[in-house]
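Here subunit A shows up in two complexes: once beside subunit B, once beside subunit C.
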Partner chain A sequence: MRPPPDFGVRDEELTHLVVPSDLRSAKEPEEQIVSEMISHGYDRDTIFALRLALEEAITNAIKHGNRNDPTKHIHLRYHVNPDRVVVMVRDEGRGFRRKSLPDPTADENLQRAGGRGLMLMRSYMTKVRYNRVGNEVWLLKTRKEPDK
Partner chain B sequence: MKPNASDDLTVELRREGSIQIATLRGSAGTETGEDLQRRLIAAATDQPPKIVVDLSGLSFVNSAGLGAFIALHQHCRQHGGDVCFVNPRPAVAQILRVTNLDRLIRTYPDLDSAIKALSS
Partner chain C sequence: MDQPSSHLKIKRADGIAVVEFADRKILEELSIQEIGEELMRLVESEPGVRLLLNFRNVDHLSSAALGMLITLNRRVQEQKGQLKLSDINRQIYEVFKITKLNRLFEIYDTAEEALAGFTRP
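Coming up: the complex of A and B.
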């Protein structure tokens, strides 16, 4: 529940939000975070990347974590400052095993409709970290990308 | 730049001979992906269906939007047709590369070359 130590943000800096587990409700925190990024002068590519990863994390939480149960909630914590954005998304599900998921970029999986969310988060974020169970993901996007 | 300025998606359809051209504007995200899939497949009624998807006005796409493109590709191929993209913005082109979907669906720099490729 605490931010990963290498994400460069203190626990007390994080804003906490809890929203109903549906796509429309989850749109509000996304807009809030993007709005803060704009006010800090982040460029379009960085905002695109954060929005992409956040939508994937929230969609996974609603569909796979909370299994579209409207009585459940999505828990978010975030912080935006001039050089980094940190967002946590947690669902109320049982988690999952990441290693059991197929590679969506492999030729035999290209025509599969889903399964790209985790790969997109990894590709567009500076760092991605899950808790042990797999129902909580932390996203870090820095203004300047270090060499990966 | 407003935070939600690009959350709407419009799909404009027009015909060029036997080719259907779908011009997308806005955002193919979580909220719009399923609707996009329905509208693209509904437009693919020709036998065989040949569709050019003009991405020049698309500002955002995520896995839901990509799913719509894959469903359209499968539909067209199942009916002996094809689909291709035209002129994606750099951020959209990058996501097609990252996911390897540029290997599944060809991308052309302009409408003329896309129409020519699907006509042949």
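Coming up: the complex of A and C.
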């Protein structure tokens, strides 16, 4: 669970939390992270982006990674400083193959109810990095980034 | 006539069901299933329903909420009804644009404009 080297954060800077695998339990660390972003003066758009991506990552961990098993846990690591926010979400599942996912914006997939979480994470974060297995994702959001 | 609900406020305007969301962060995974069920009950009970979802109280939503809206939209279409969305703020509208769902839904700036856009049954 070490941060990607290009995320600009040292391992010892990260706060580590373990929460039960349900959405209510994951709310508190989310609010902690947002609270730190607010205290560092992050703008509303950046907070919106981080909250959205984090919730998608957590939902994926709960639903797909941990298969809605309430006895499992989610591991979170995070760091907030004036120029970046780094969050890791890790589930206790077997991972998944990202290349097998269909494009949710393709015409034939537009009316599918699911499958947008990953795309939203990539659209809103500066960087998204999965481990090889696919049960651990790192999110990086820098304070200023070029328009996409 | 207002209909009591834990997540929704429903009013009628010229036969159109106008729905507002009771909480600012309602469209997140925890409550989305309940909201979806409430809306689906409304649609099922009223063939040809004309439904306006007013997002003025919403400042956050998840992909699960988008999925709920897609499913709802499909059922409204099957029921030969009409569904429109209004008062979506800039950040939320960006999510619709990124997912290209702004092409699927009829989205209006204001509820007044949306109401004027409904055709009579």
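In this text, the second predicted complex is superposed on the first by the 145 of 148 C-alpha atoms of A that agree within 3 Å, B and C clash if a C-alpha of one lies under 4 Å from a C-alpha of the other, contacts with A are read in each partner's own complex, and residues count from 1 in each chain.
As a working rule, contacts are C-beta pairs under 8 Å (C-beta built on N, C-alpha and C of every residue); 3 or more make two chains touch, one makes a residue touch a chain.
What you see is a predicted model, and the numbers here were worked out from it, not measured in a lab.
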item: Superposed partners subunit B and subunit C on subunit A - clash or fit; value: clash
item: Contacts of A:I38 with subunit B and subunit C, given as first, second, both or neither; value: first
item: Which superposed partner A:K72 touches (first subunit B, second subunit C, both, neither); value: neither
item: Subunit A residues touched - subunit C or subunit B, whichever exceeds; value: B
item: Partner chain in contact with A:R84 - subunit B first, subunit C second, else both or neither; value: neither
item: Set of subunit A residues, in rising order, touched by both subunit B and subunit C; value: 23-24, 27, 44-45, 48, 51-52, 55-56, 59, 104-105, 110-114, 116-117, 119-120, 123
item: Residue ranges of subunit A in contact with subunit C within the complex; value: 23-24, 27, 44-45, 48, 51-52, 55-56, 59, 104-105, 110-114, 116-117, 119-120, 123
item: Subunit A-facing residues of subunit B, complex; value: 1, 3-4, 7, 29-31, 60, 62-64, 66-67, 70-71, 73-74, 91, 95, 98-101, 103-104
item: Subunit A residues touching subunit B - in the complex, by the definition given at the top; value: 23-24, 27, 30-32, 34-35, 38, 44-45, 47-48, 51-52, 55-56, 58-59, 104-105, 107, 110-114, 116-117, 119-120, 123-124
item: Parts of subunit C lying in touch with subunit A, wherever the complex brings them together; value: 28-30, 59-60, 62-64, 66-68, 70-71, 74, 91, 95, 98-101, 103-104
